[in-house]
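You will see chain A twice below: alongside chain B first, and alongside chain C after that.
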Partner chain A sequence: MAGYMLEVEGVVKSFDGFKALNGVNLSVEKGEIVGLVGPNGCGKTTLVNVVSGIYRPDMGKICLDGKDITHMPTHKRVLHGINRTFQVPKPLSDMTVEENIDLAWHFGGKDNLARSSVLERTNLSETKYKVASMLTAAQQKRLDLARALATNPKVLFVDELGAGLSPSELSDIATMLKEIADTGVALVVVEHLLGFLESLTSRVVVLDAGKEIFEGRLKEAVKDERVIEVFLGG
Partner chain B sequence: MLFEYAIVAGVLFGLFYSFLSIGLNLVFGVQRIVNLAHGDVIMIGGFASWELYYTYHLSPLISVLVVIPPAVLAGYVIYRLVAGPLSRAKDPEMLSLILFFGISQILEAIVTIVLGNNQRSLPSGAVISRPVQFLGQNYPGVWWIVAATSVPMIGLILLYLYKTKLGTATRAIMSDAVEAAAVGIDVRKVSAITFGVGLGITASVGAVAPFMLGGVDPSEGVNLTILAFAVIVIGSLGNIAGTVVGGVIFGLALELTQLYIPSWSSLIPYALLLLVLIVKPSGVLGRRLRSA
Partner chain C sequence: MDRPTVIDTVKGEPKERQRFVFKQLLKRKNVVDLLGLLIPVVAFSFAPHFYSNEILLISMMIYIALAQGVNVIYGLTGYLPFGYVGFYGVGAYGTSLAILDLHVAPEIAIVIGGLVSAILALVLTPLLKLSGSYFAIATLATAEALYALIANPSLKNITQGPYGINIGAVYSSGGSYVVAVVLLGLSILTVVVIKRSRLGLALRAIRNDPVSASLSGVNVVLERTKAWVVAAAIAGLAGGVFAWTITIFYPSAVFDISISVFAIVFALFGGVGTTFGPIVGAVVLYGLYSYIGVTQPQYFQLIFGVIIVIFVLFLPKGVAGIANALIRRFRMRTIREEA
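Let's look at the complex of A and B:
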């Protein structure tokens, strides 16, 4: 299985007996963009939380670039190259955009290239000196992405970055994500907007009840009976 | 004239109350730990200062700094011991209440066993014996000295929070611990250091507290914890700068009540606390910090 930047194998995570993840597998190559879809409550965000270290899995294994990181705390995973964005970003609201990015760079990155380019890559150069609390919701989401990029990740989970954005903002984000993948970052994009994913991903993984039920191109996914059943509640 | 006296005394005591409460707010702001042993740390700082003064003839103004390192170390170790159980708890705030209530009782018992149940006082001559005249009124000089000590000590905490990388990491955790970890911050280590700093500044105020409270005794902890709670809730829980506002409001309310309706003076500050909770639950300087 050499070549995968991230490998998640048979991960199980229960909360009070409810199996949020039930033996899920996920592999992502360097520079690849994989979509992660599924109905609400299927375990997408739980998977992001387990991979980024907020939750420890009950069973299973997570490898980053061949290294077992299953039991590593979050901040060490960041240093090893896993990061994620949040559905509801919470930047340090009394600091400027630049200070927020500097903080991530100082603690999680130390790669000068990442520090100097993230503002441009996330289209935040003009808001550099703005206090984070003054940003629009869309800008705060981009700042969250910039925060993650400043730590120079090898694997990046993007959790519903597109929710609530206008079509033109969405296409900007898509371009942004493609450019990030082009630099070799393995991207996992969690999203409900299928059109957005179609333009972006080479393949999608469909989750249901904490387990993958389909893996392949989105075009084929929408024809798959199990996927249709899950989404339409058949 | 009396009104002016109450205002000046209120501000002097207010600064002292801010100094007395800031450690509690720091610790709460970072990990939502309700440190019910806060007042006992002040008490221990007071006895340390008393001991250092009578045994080693060390000025309490020097003890203010001397007691900090051992308290920081103790705080760091205590945090490391309780952090595991707290992080696994379903309701960490409730568990911290119980844990630190226990620690508070233990500290009080140990001090009582070792030093006896007597109040001890520090003579104001240890710092300054003459009164200070201001706007035609005489005030105990020691009030001014303690107020003047409080300002740079609070300043040190603010410098730590706003001008050091560690302080910035602390603020990031206050804002959101999960996001802070995603930045690459070692949340548990920084929290342990912050808990240490919180205990350090709290032991520090203990070194001069006997001058303002009339002495130090093993059972004073509970009352001081409640007082500090009132101050940080009035100012705003989790907002460090709010502690200063809360302290001064509390000091003024206390002094003015003592002047006009002295029999009510033990009631008014807490009535003020309730008023703040009803009218502006996030505190005078409050933002959304409390709900986090």
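Let's look at the complex of A and C:
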């Protein structure tokens, strides 16, 4: 029990009888970076949605810093310290980058945080006055990240931030994420790119059909029979 | 609370803020809002010196207020309230019954009318769970139900039922005119204040994407409810002003769906989301209606119906949007010519 910032226990989520999550467990410590991997459709994004309150679980329990948040609405979870980015970015597209951040700062942030540093940390300073819909997809993903940071999260889920990026962009993102974790944020990184996770994470959780099948170092994961079967045999 | 701080503490923020506020004040947007408030209030304050039909002027002010109410609920949150007139009718009745039963001054009775409508809106917040046309239709049904209730003969001892209200004893043409100007100013001020408040920022965000708004910490249900209650209060006050102006009316006069339709058309025509739009829409179209439409109202109903469809589908930003686009284009050209 001791020390976990986030604990997900036995979470089940069905869509029309199809169990996208089937009793999944996940624990993350403060300042830790955990990779969340698994084949397409295994329930990674659904887990992020359930933890962030977009969907309500059918069963199971979610605790943040020892507090049960299973039935909290999204905005309250945000105030308690959960945030996330989206696989398909979701900016407030008619608003400028600055306004996007202002909103999160006003409603989800704490008084002594500087808005400007959020943009610096996510490399968006030059886009400050641009309307969010004019940003590139990669920039919009970073805006999701900046928006999340402006709410001063304890636990942050990053859903496929690296997809479609060049190697040099990926290493920038890795640095960015490491810096965030260094401030004590518990990070869960959903990603397909194993090389990216290798350099970043202390351990990975492998999901298959809505349930974790492996937990440990990535090096061991790629040797695990079930993991190999899921990735190659599927 | 050993919560990790992701972001550094503020350095020199207050000064930055001051400069920011000052810059904001000089922006075109602020000047426009200030004029949007002052011009109508001054114009209607002096209008009776030049034009003697005070009832028409009061009606126009009531419609500007209703159009601003639609601006709040539709323009800022995207909910199209066809049954908006329900709050107007309840405000008119709340005001009249406060005068008749509580024997309070009409000005206070109007405030009571506004409060009653605001409370009704709170009770009706579950309607906000509906989206799009379901919401529009549900509010319409609610307004009809309220009408059926208030006009019910069995409630004769409370509401006078279908026989209508008579508060002729408190009639005061000067008094109701002043109150109408106050209503006018208040409705415009409400829009200006909301637009630049945290509430306005939150409502814009919710219109953009409710999920992202909630992930920014915005309580989507609460912020929408605020806009809904404010819009209802404006309609309630407007109904109260109408009651005091007319003093004798049937329930059908204050629960007439065409009042909703007019308010929506005026707001859409002028441009929702702006301060000026609903004012321009109400003055132009209500003026036109009073000039020609009173003799042939059936054509206006038809024309207004067509306007709703066209503006909702093709010109969601209204005349103000067209004007803004023209200004922008003109500016681009001057910039290009200068270059």
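Keep in mind that, in the parts below, the second predicted complex is superposed on the first by the 229 of 234 C-alpha atoms of A that agree within 3 Å, B and C clash if a C-alpha of one lies under 4 Å from a C-alpha of the other, contacts with A are read in each partner's own complex, and residues count from 1 in each chain.
What we mean here is this: contacts are C-beta pairs under 8 Å (C-beta built on N, C-alpha and C of every residue); 3 or more make two chains touch, one makes a residue touch a chain.
Computed from a prediction, not measured in an experiment: that's the story for all the values here.
Following the overlay on chain A, a clash is recorded for the pair chain B and chain C.
Once chain A of one complex is fitted onto chain A of the other, the partner contacts of A:Lys30 are limited to chain C, with no touch recorded for chain B.
Once the two complexes are overlaid on the shared chain, A:Leu79 sits against chain B and chain C alike. Using the contact criterion defined above for the overlaid structures, shared-chain residue A:Gly108 touches chain B and also reaches chain C. In the superposed model, A:Val185 makes contact with chain C only, not with chain B.
In the superposition on chain A, the chain among chain B and chain C reaching more residues of chain A is C. Of the two partner chains placed by superposition, A:Ser171 touches none, neither chain B nor chain C. In the superposition on chain A, A:Gln87 makes contact with neither chain B nor chain C. With both structures placed on the common chain, the touch criterion links A:Ile54 to chain B and to chain C.
When the two complexes are overlaid on their common chain A, residue A:Thr151 makes contact with chain B and with chain C alike. It is stretch 274-282 of chain C, out of 4-12, 94-102 or 274-282, that runs into chain B when the two complexes are superposed.
Within chain A, the residues touched by chain B in the first complex and by chain C in the second are 52-54, 73-75, 78-79, 83-84, 90-95, 103-104, 106-109, 147-148, 151. Those residues of chain A lying in contact with chain C across their complex are 30-31, 52-54, 73-75, 78-79, 81, 83-84, 90-95, 99-100, 102-104, 106-110, 112-115, 117-118, 121, 147-154, 180, 183-185.
Listed in rising order, the residues of chain B touching chain A in the complex are 165, 168-169, 171-172, 175-176, 178-179, 181-188. Contact residues on chain C toward chain A in their complex (touch as defined above): 3-11, 13, 198, 201-202, 204-205, 207-209, 211-220.
Partner chain B is touched in their complex by these residues of chain A: 52-54, 73-75, 78-79, 83-84, 86, 89-95, 103-104, 106-109, 147-148, 151.
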